[in-house]
Amino acid sequence: MEQPAVRVSGACKTYERSDHAALLPTSFDVARGEFVSLVGPSGCGKSTLLGMIAGLLIPDAGSIEALGVPVTGPGDGRAIVFQDAALFPWLTVFHNVEYGLRAHGVPKAERRERVEDALRLVHLDDVADRHPYELSGGMRQRASIARALVMRPEILLMDEPFSALDAQTRTILTDELQRIWLETRPAVVFVTHNLIEAAFLSDTVHLLSSGPGRIVKTYEVDIPRPRDEADPALLGLRHDMLDRLRAEVDDAVLRRAQAAEVTAL
Amino acid sequence: MEQPAVRVSGACKTYERSDHAALLPTSFDVARGEFVSLVGPSGCGKSTLLGMIAGLLIPDAGSIEALGVPVTGPGDGRAIVFQDAALFPWLTVFHNVEYGLRAHGVPKAERRERVEDALRLVHLDDVADRHPYELSGGMRQRASIARALVMRPEILLMDEPFSALDAQTRTILTDELQRIWLETRPAVVFVTHNLIEAAFLSDTVHLLSSGPGRIVKTYEVDIPRPRDEADPALLGLRHDMLDRLRAEVDDAVLRRAQAAEVTAL
Amino acid sequence: GGPTGPADAVRVGFFLNVTHGPALLAVAGEFTSALAGLPVEEQVFASGPEEVSALLGGSLDAGYLGPGPYVLAEGRAPGRLRLLAGVVTGGQSMVARTGSGIRSVADLAGRTVAVPAHGNTQDLTLRLLLDRAGLRAADQGGAVEVVPVKNAALSEAMRQGVVDAALAPAPYGERLVADGLAAPVPAIDAEIAAWRLPATVLVVTEEFARANPAATRALVDANARAVRRAQADPASVARLFNAMLAEATGKKIPERVLRESLESMRATTAIAPGAMALMVRSAERSGYSGGPVPASALVPRPG
Amino acid sequence: MSTGPGDRAGAGRLARARRRAAAVLMGTGRKSWFILVIVLAWWLITAAGWVDPYKLPSPGDVIATLGTLFTERALFADLIATVLRLVEGWAIGVVAGVLLGILTGTSRLLEDGIRPVIAGLQAVPTIAFLPLAILWLGFDGSAVLAITAFGTFKPMALATYGAMHQIPPTLLMAGRALGARGLFMQRTLIFPAIVPNLVTGLKMGWSFAWRALMAAEIVVTGAAGLGGVLELGREIGAIDVVMAVILVILVVGIATEQLFFTRLERWVNRRWGLVGAR
Amino acid sequence: MSTGPGDRAGAGRLARARRRAAAVLMGTGRKSWFILVIVLAWWLITAAGWVDPYKLPSPGDVIATLGTLFTERALFADLIATVLRLVEGWAIGVVAGVLLGILTGTSRLLEDGIRPVIAGLQAVPTIAFLPLAILWLGFDGSAVLAITAFGTFKPMALATYGAMHQIPPTLLMAGRALGARGLFMQRTLIFPAIVPNLVTGLKMGWSFAWRALMAAEIVVTGAAGLGGVLELGREIGAIDVVMAVILVILVVGIATEQLFFTRLERWVNRRWGLVGAR
């Protein structure tokens, strides 16, 4: 069997000064070039899990391997895109995208070429000189994606990249992400609350439970690409997931209410 | 004909120090007890319109009547709920809900009773003594709704009340809103980006164009209540609206790109 | 303006300085019995200008202070204060940095000389000296740099050679000598002594004097007693000064330094004829004076 | 590997308690190592005789002087006098600054007119006004108090303006929509809304109050108060007295910070929900 | 009612230009009415003879004194000397404070140890250190400069710590994920990220620098400077000189605020995207 892009084996995490786990021991693989989504209620540990794969957080137990190498910190081959784009406001789009290459000491000429390629890929080549505040929310997320792609990652991690956008921009960017992914084919771990988005983009969707998170169900999406958002199969899948989630949430609301009572004492 | 709850006649607005209109002249009525949604791309003037109905903004031209009286400022009979709940962080849930009654000089005993009723209505009676930071996002929005309902408004204005919540909580609260509305029957103007939400809740949905906003299409939703979110008729309506909006956005993206070039000079 | 009627207390200001010796004695003894039935409230000041402000602003009735601030006050607000009596004369000495070679006023040309503050008694005295020797201060277009240096900073300024000489109030000149940083300049001290300039005088606000003639007379009498005691027993002044200093800081000034300081001054209620006029002339020539000082302000009017 | 949920919770609680105790110890260590290093260096330098003791008395000398000042002299009374004056002047300045800030901050015209003047005055060191204060207010302590209050007033008014611009607009809109206006609005919405930002201002004001008061005490009150002792120490060249007084001010400063401002800040941040529920 | 889009745009541009011109005039009026009121009241009080001219000289007297000071007493040289010293001391303090803040702020241990000491020192008025500075650095400009720089250093270091805690964590995570670390991270991410918060700190530092400098200039009188002139006025009881110097400091303060800090703030806020695109 080919080595997976990401292997999460029993990784779990409890934050300092917190008295309950953010993520219970969790295991899954992401094959090379596979698109995996993580879906689950707020606070179920999705960002925690992603942060651990990125090497920004250290799991309390269990291990994480990226491209066969144990993850001990942020490293080559992995790139991450955040919900709020997290662009550096004092740098232009060009320099934002160039930042990671500078940090890695890539020579100037090569930097220029790679940044221009990345910006073309996300259709931002004509706003390279603008600062983030001069961009719309959608453009900011494109820039953030370019900043990740310019590192030529084999693993792309995305934490709710589109959830701060309005519905229309979101739909457009989801389409674009499908195109870009089909062009560049990194392995992707994609966190979202949007079930249609998850179904539309993924090969595999992991559903996490709330409270201390763990994977409660996994869906394989066997619909050929490029896909259409209005595909009835996608809508059906969404409906299944929603039901499952609603059960999870009710459970969680109960649990959270109890926890809150303890807190309030 | 019965007098409408809200009558917007040619209201328009250009902000100071802005060089394009936030909202072009717009007219529509909201009947008493009617649920109207406003949907449209980001920046199309939905919040501006709602602010004018609330009396927080003054239209440049045109007029707005609430319950037959011209709106000149915030006033009785109208209440508003914001996206970020906008609870007063230093007050408990109880005192937050009580605030408007205090401002209106309602006597203490009556305040207590009305606040308790409102909190029961949104299922928050057992967290009345908590501060906002001790609540989940969904609980905060419930509190914000209670704060509006306690004023016994005939007109309830809601500006993306659920858009900061995760998908699951959102679904639950949308159900709740339907129940509360059926119980109390105020006229509602509801702003959202979520097309299913709009279709699910409304009697009438107005679609606004982007850029300087104006109403481009109006949908009547004739599905009996209580409704089910998975109703195929709702999904069909959503699809129609999405197509229409996507066309609007493409148009707007073009226009905005041109505007941005002018800005960048 | 404060109350114009009779006061219900006498508010008296003074410095915690050796040159205020009789004032210290008065505060510690002579005033303890009330002045003509009025209780005494003492107030310690750190410098003359604040004391003058307090007197003119109506929050102080009487004060021990140097003749410099007094004549400047009379120039700016004539007739508001009344000179009651002398307290101490002398109490200042010229010291020159070791190795500076300064032996006379003429040697000060081209040098930097420290005084405690603009327009204070030492500053006015120094300018008299320069004037007599045909020299001028640099701020008057002359060749002698006169710089104000706070007593606190004087020894460091001297140690670092920033100033060549200082006309210092007791005991700071004596301290510099005792610390080996400077040497006395007897020729200049003799010249100053000849003027019999007051170091400290007692003043009262005109308003208070008019409304409280009895208390004013009692103040003059108490001062006279204190002056006599200080003259008869300088050691008691030294003891009292050190006790008060130690009370505040836990420190004392060496006995020897204090004794030498006290020898440089003389407690007396008399004010030499012409001494105040010299001060006025110096103030006017140096541009400090805000206006003419009435002649009546130059002689004590105890009654 | 399997433990019952009860055991687990109990073990967790124990571990937490232990962690907390360790944290307190660690915290003290973490926060004082630098002070220890400085004191050690100071002691070494003076003990080795590398500098003139006149320029830098040893830690022991300073402690001894401090002891003398406290036991044999009235330094404690001076300290109390100073701190009382400070608290009084600061409190007056805080109230005046916040009131002016809120009252003028709700009107563009008032704010535009008054704010630049206060910002300009803030550039003028408060001591510059001391001669005026003595002339106008007299010498009986009210000048010192006025100077201290004035020194606090300006940064507080500026902090209030700043804080008012940071009130989330939706909070104001929510208040207006609920019918709040005028004084009711200022009392029940604007004031509480700016409290968290004011806490930083309070600290700033305290720092300015100290400066103004020390400067005033040095000139005005002769021997009463820490400023007087500091100045007398300077006059007679007793550097150990100067350092002892600095030490006292330092300790008072740290104590105020730790016992008052940090707690206040924590309480306000908690109450205003600026930290998560835990 | 119907105008072509071109006409409309043209009219809009004109209206905008007119509005802008009006706004500038209005702005000046709005910002100076309070000053005018104060000056008028001052003039009235003195002209009517309600107060002792010794306690409050008239505006005319103060202006006349100011004229004399500038023409005959070389006040301009004093002003320049003071401002140069101020800028120099402030700049040194700013650089030192920010560097220390960043370097120690990236390590919990360093920050925990050093921050409380600096916070404590901030409570001690900088003048209290003047005797030490004179002893150690000499009775000349370097002591004054050191005191000014030290007065700036403490609030700048504290502002830097504060600012570092306000960097959005995702920016730091993004930087780390992109491979930034150590000095590269501090230089290219942490420093630029804190700049907007530092601007407020710069103003604070400037204000503290003024205080420290004035206090130092009053004592260390060798060189020219406004502090010396202020002290001269105080010592000879010339309240008009005191007020004239206050006026000069006030004008310098307002000018610095308007010409430097406000512009800097606006530029930074624009560049860092803290205001909308327009």
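Labels for the chains are A, B, C, D and E, by order of writing; each one numbers its residues from 1.
The rule we apply is simple: a contact is a pair of C-beta atoms (placed from the backbone, for glycine too) under 8 Å apart; a residue touches a chain by one contact, two chains touch by 3 or more.
Computed from a prediction, not measured in an experiment: that's the story for all the values here.
In terms of the stated touch criterion, the partners common to chain B and chain E are A, D, listed by label.
Traced through touching neighbours, the fewest hops from chain B to chain C number 2.
A straight line joining the Cα centres of chain D and chain E is 20 Å long. In terms of their C-alpha centroids, the spacing between chain B and chain D amounts to 45 Å. Chain C and chain D have centres, each the mean of its CA atoms, that are 39 Å apart.
Shared contact sites, meaning residues of chain E that touch two or more other chains, fall at 54-55, 131, 135, 234, 277. Among the residues of chain B, those touching two or more other chains are numbered 134, 263. Across the assembly, chain C contributes 47, 49, 53, 56-57, 150, 152-153 as residues in contact with two or more other chains.
Note for the complex: chain A touches chain E at residues 51, 54-56, 74, 76, 78-80, 82-84, 86, 88-91, 99-100, 102-104, 131-134, 147, 151. Taken together, the chain D residues at the contact with chain B in this complex read 168, 170-171, 173-181, 184, 188-189, 192-193, 195, 271-277.
Contacts from chain B toward chain A in the complex involve residues 41-42, 127, 130, 134, 136-137, 165-169, 171-172, 193-195, 230, 235, 239, 242, 245-246, 248-249, 256, 260, 263-264. Contacts from chain E toward chain C in the complex involve residues 52, 54-55, 131, 134-135, 138-140, 219-222, 228, 231-232, 234-238.
Contact residues on chain C toward chain D in their complex (touch as defined above): 15-16, 43-47, 49-50, 53-54, 56-60, 150-153, 155, 175, 244-251, 253.
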